[in-house]
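For reference, the structures are reproduced in the following blocks.
Next come two complexes, and both contain chain A; in the first it sits with chain B, in the second with chain C.
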Partner chain A sequence: MIPKVSYHAGTLGLHRATPVANLLLLSGFLIVVLAAPGILVKLGAFGLVMILTALSGEGVGTFLRNIRFVLLFAFVLFLAQALSVRDGTVLFSFGLPVTDQGLLAGAQMALRFLVILSSSLLFVLVTDPDRLAHAIVRLGIPYRYGFILVLALRFVPFFRREYRTVREAQHVRGVDASIRSLAGLRRAIRYTFLPVLVSGLTRVDSVAISMKGRCFGLYPKRTVTRKEHWHQMDWVTAALFVLLLGITVLARRYAWL
Partner chain B sequence: MIKIEELCVRYPDRDRPALRGVSERIEPGEVVVVTGPSGCGKSTLCRVLAGFIPGMIPAEVEGEISLDGVSVWEADPARIATHLGLVQQDPDAQICTLNVWEEVAFGPENLCLAPDEVTARVEQSLDFVGITHLVERETTTLSGGEKQRLAIASILAMRPEVILLDEPTANLDPEGAKNVFDLLGNLRESEGRTLIVVEHRLEPLLTLHPRLLILDEGAIVTRRTTRRHMDLDELGLRAHWDLHPPSIGKSREKVALTVEDLSFGYNNASLFEHFSLELRPGEILGVIGPNGGGKTTLLRLIAGLEHPSKGRVVRSKDSVLGYVFQHPHQQIFERTVRGEFEIEGGIAQERLRHTLSEAKLAGLEEVPPLSLSLGEQRRLTLATALSRDPDLILLDEPFIGQDRWNVMWIVSQILTARQRGAVTLLVSHDIPLVAALCDRLLYLGEEAIEGEPNAVFSHLEAMGKEAFLPTYWEGMRA
Partner chain C sequence: MCALARAKRPLLDVREVVLVALLAAVGGVLSTYVGYIGNLINRLFGVPFGAGQLIAGLHILWPILARLLTAKFGSGTLTGVTKGVVEFLSGGTHGVVIVLISFVEGLLVDLGMGISRRSSLVLTMLTGAIASASNVFLFQAIYFAGVSPTFILVMAALSLVSGAFFGGYLGWDIRRFLIASRLVPQRATATPRASSLRGHILTLTVVLALLAGGIYYYTSVYDPFSAPDSARIEGALSSPYTFCYSDWEDKAVMVTAELLGSSTYVPPQDYTGIPLADLLERAQPKEGAQTVLVIAEDGYEVSFDLPAVLGDETVILSLDRGRLRLIATGYEGSYWVRRVRKIVVR
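Up next, the complex of A and B:
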């Protein structure tokens, strides 16, 4: 259930851009899906995420497999909207009428969710959290906030491993924690989510102790040793941001579908 | 100088104090080794000295601790860390960043040192612990031994006067442990740092001529300078196992578990190729080898948690499996200790009482299991796994952080299960213990070597794997 996406070093595509450039591009995707009205623009944005995934050497198939729960949830959002909106022309019916407005609203909602999640996960995949924290500090944001982000990203693979181990422990002990009913959900919370949460909180405590034990927070500022230099790929990324911004403005002005 | 006066520490949910009336002086340049049974207060002492108690971990404290005349109670842990660096037991829990270079630079950068100075310290520290070649690696890809060296390097880079190490070799294979002990020797000789080491394995530390502090039930019960093995013998602290498990006799004719021509690997790296193994009822197989050699993977394959690319694992369909993971909290699900026994169908009241009493968990039936100490949690997971009378027992590093009494309890459980014909696979880095307890050993490393313990040790000796030989081997060779 936890997407198998976490940062790893690479040399292709967005891996070569600085964290600030990648952050800029991510904000471009967020602006386009939240501010542009049409579904074609959102479809295009999702296509661009997939192209960038491929150019960064990540493999579109693997990426989609790893975010299959995100895709599934997007589909559920689409269905819920399509079946609950009654405005517009009825296209067909199977118990509940499905209207053109319902389908459009469902697609809007699902694509918005999909682009936000997939572009964020691509960002996680190609951006070194340590370099990102340093970049944030250089932008003038207090370093404590930068490291909150680093820790959050560091904990994604940890939670995934713990979740897997806890499920295996259930298997070994013959515990059925599948969610098939309300009682099943209660069992899943007790047998799966609580142990993972306890592990997570224990680990957060340990890392907090470790950080304090290495003088974190001793001074208002800290040294940033590694410097970032603006490369060719950063200009490409910045150009994509401008492109996404331009499309948003045009889509709003001409009310693109 | 560290001065501790009448120190008492009590955790909020415990009746008995974790430390009581501890007084000690540690002079600059001294090497002090702290040892004692599980739960005796060793880790609490580390946390108090580093300033984490009561600042970050709530507890009632009395008495006084001062570092170079400054009271620990009045200082922020980040300030204390400029004088005293703590290397935690679990290196995974200590790593704050995702890259080796960043990890070592983390402390010096927090100290606001100039970038050139940070770079110089990173290079020197990595060089000192011998992992310069890992400088650009992601921390998640390192082995246990490499992570422990990184944890030490990241503390060294801050250049504290006192280095405190909480069981630095607990998770390491014998070779990794030897490297860490060598490293401590270098620190003592070339750097002259004050070292405080919490450790169960004392023999490798004798070359440092440490002052030994033995804690029991929160108090220092023995202080002594140790130089020779004889000193440990006199204190009853030398690891020596004289178990002589009873023979399994006729059951040797049948086969209880077969691993047939098995192949398996991760990420294109092969761990097993055409690997085969047969175990008979009652047999105890000790699985040893370096970190990353495939010991846990073998248990997972046998338990059906991994699927081989070739070959198969054959065991009777109605055989009952008892699998104890390395980290007990991952196998605890219920709200009470009693509830843990009910997951697997429950056991009779009388047997539950007897089991809990044997495991020194009596009176804790209604206690939340996650509030137990690590040693208690481990005994609980073993007791619940064995409550179903399994035919196949898989134990992954059950002796980590356990005192002699706990180890003997675990051994007694294995031997009881052996009497009723259960097969046990025991993964452990405790070479003398597996040598004394197991019928056969399996070394998983560059190659798989399986056989009677002494035959495996002969093979390992020929391969130059000295760290995997038991201490008695030296005598046998002579």
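Up next, the complex of A and C:
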């Protein structure tokens, strides 16, 4: 149930870029799929994600296997759109009419979904969450609130262990994990959510006291020990962002297919 | 000692910062479990997606709990957006979109709970319902643009009920349990600063009105990248398309028209442009369509009777300083729309 896709350190391609540069590239992909109208542009964006995956030392085959559920859901989206949109010329019918506009809309949405998800997962693969959280703080967000993300990411492994412990304890005690009724659903939620939450809340005070003891929040600004400098790969990533932005503008202006 | 030195009181104190981070982390980690339950429910109903909205409320439990436990505006939004980032970075199945969805859910929790200075079960359930349903409309805008409104409304209704119970009621119940078991001090849940209910309602109304206006403008009207001499022709049409003036120049006609506005008068002069009737005929209006809306890039719109426009070759779209302008011969000045961006048939 825990997703297989998570960050791992690397030395190739986007692994060498700073989190901010990777974030910029991700936003470029989002802009191109949400703002550019054409199918070819979206296909190109998906191709670029695959190329960057390969250049970053991540196997394209493994990546595609990891996103197989995304591919499946993209197909479901395609079908949902193709059968819902009635505008355009009817091409064929099997109970429901399928139009050229419907197929086009289906392809648009499926590709949009595919690019958003694949670029997101590539970002997750190549970006160190901890460095990202610190980078966000350095972007100018008040550190008191930026630190919430740093802290939350620190808590994640702990809660994953707690969650696993709770589930194993349930199995040992014979708690039925299947959900066949609303009562079963309520029981599953109650027996899973509450223990994990309570185990976390018991630590709030000790963490807060520890932070206060280190004078967290004393000054309005905070210095950092680790600074990020932009290197060649960051400029390449920024150039890709500009390229994606330019393609979006051109695709809209000249109504590219 | 260190805390005493602080001059300005921040929105959240250190304990609340930890609490928000903790709730966001739990929410992010358990979201995979919620997704798993959602898939089980989908399988139970035999559908690929949609039925999982029955438990959509579990996603907003965390911002609601943060708002109930800290009683501070902003804690819901911070919890929502942090939970979204945690979920995204954990390789969640929604990608980066989840950050936006969680942010909106958290913001709605803050706005909803901010209506009254005293939290109540009804308000919490209502807030949970609205915040939960927002995910359906956001997903619709991003991935399900063409899906039938009935389907979307059914999903929203499921999400609304789920938000009320799994978000609002469960959140309220958990808070009561936490107070009873002394895991959370009673005082932490009291509202620190009282302000008038009327003021909150007024603020909320203004914010929602501005938000609705902004969302409408940026999703339906604003289009910074499209060519200035183009307009989208859509609505009740068999073949909606994007009209580009340069593609139609050979079909241009000349008309003589006089602009009679309430404050502007332009004497009769010649205008060259493409008849609106020709543009609409190419798009094939569907049976039953009655009106045609001509919308400018700033959202200004005028409405024409469709049969009248289809039989009138003197209402034309001309090019005025590189932008589309409607020359509505025989109509008053307010119908002469400048910077036309969209034509919608209804």
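Here is the rule we use: the second predicted complex is superposed on the first by the 173 of 257 C-alpha atoms of A that agree within 3 Å, B and C clash if a C-alpha of one lies under 4 Å from a C-alpha of the other, contacts with A are read in each partner's own complex, and residues count from 1 in each chain.
Keep in mind that, in the parts below, a contact is a pair of C-beta atoms (placed from the backbone, for glycine too) under 8 Å apart; a residue touches a chain by one contact, two chains touch by 3 or more.
Just so it is clear, the structure is predicted and the values come from calculations on it, not from any experiment.
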{"item": "Which superposed partner A:165 touches (first chain B, second chain C, both, neither)", "value": "first"}
{"item": "Contacts of A:34 with chain B and chain C, given as first, second, both or neither", "value": "second"}
{"item": "Which of chain B and chain C A:221 touches, first, second, both or neither", "value": "first"}
{"item": "Superposition-derived comparison: chain B or chain C, residues of chain A touched", "value": "C"}
{"item": "Which of chain B and chain C A:202 touches, first, second, both or neither", "value": "both"}
{"item": "Contacts of A:188 with chain B and chain C, given as first, second, both or neither", "value": "second"}
{"item": "Which of chain B and chain C A:175 touches, first, second, both or neither", "value": "first"}
{"item": "Which of chain B and chain C A:9 touches, first, second, both or neither", "value": "first"}
{"item": "On chain A, positions contacted by chain B and by chain C", "value": "7, 129, 147, 151, 194, 198, 202-203, 205, 207-208, 211-212, 215-218"}
{"item": "Residues of chain B that touch chain A when the two form their complex", "value": "50, 52, 56-57, 76-79, 81-82, 85-86, 88, 90, 93-99, 102, 105-115, 118-119, 138, 140, 154-155, 158, 303, 305, 321, 323, 325, 327, 329-333, 343-344, 370, 384"}
{"item": "Residues of chain A that touch chain B when the two form their complex", "value": "7-9, 128-130, 147, 150-151, 154, 157, 162, 165-166, 168-175, 190-191, 194-195, 198-199, 202-203, 205-219, 221-226"}
{"item": "For the chain C and chain A complex, residues of the former touching the latter", "value": "2-3, 5-6, 8, 10-15, 17-22, 24-26, 28-30, 32-33, 35-37, 40-41, 44, 48-49, 55, 58, 61, 78, 82-83, 85-86, 88-97, 142-148, 151, 166, 170, 174, 177-178, 181, 183-184, 223, 225-227, 230, 237-240, 242, 244"}
{"item": "Parts of chain A lying in touch with chain C, wherever the complex brings them together", "value": "1-7, 26, 30, 34-35, 69-70, 73, 76-77, 80-81, 84-85, 87-89, 101-102, 105, 109, 112-113, 116-117, 119-121, 123-124, 127, 129, 132, 144-145, 147-149, 151-153, 155-156, 158-160, 163, 178-180, 185, 188-189, 192-194, 196-198, 200-205, 207-208, 211-212, 215-218, 220, 248-249, 251-255"}
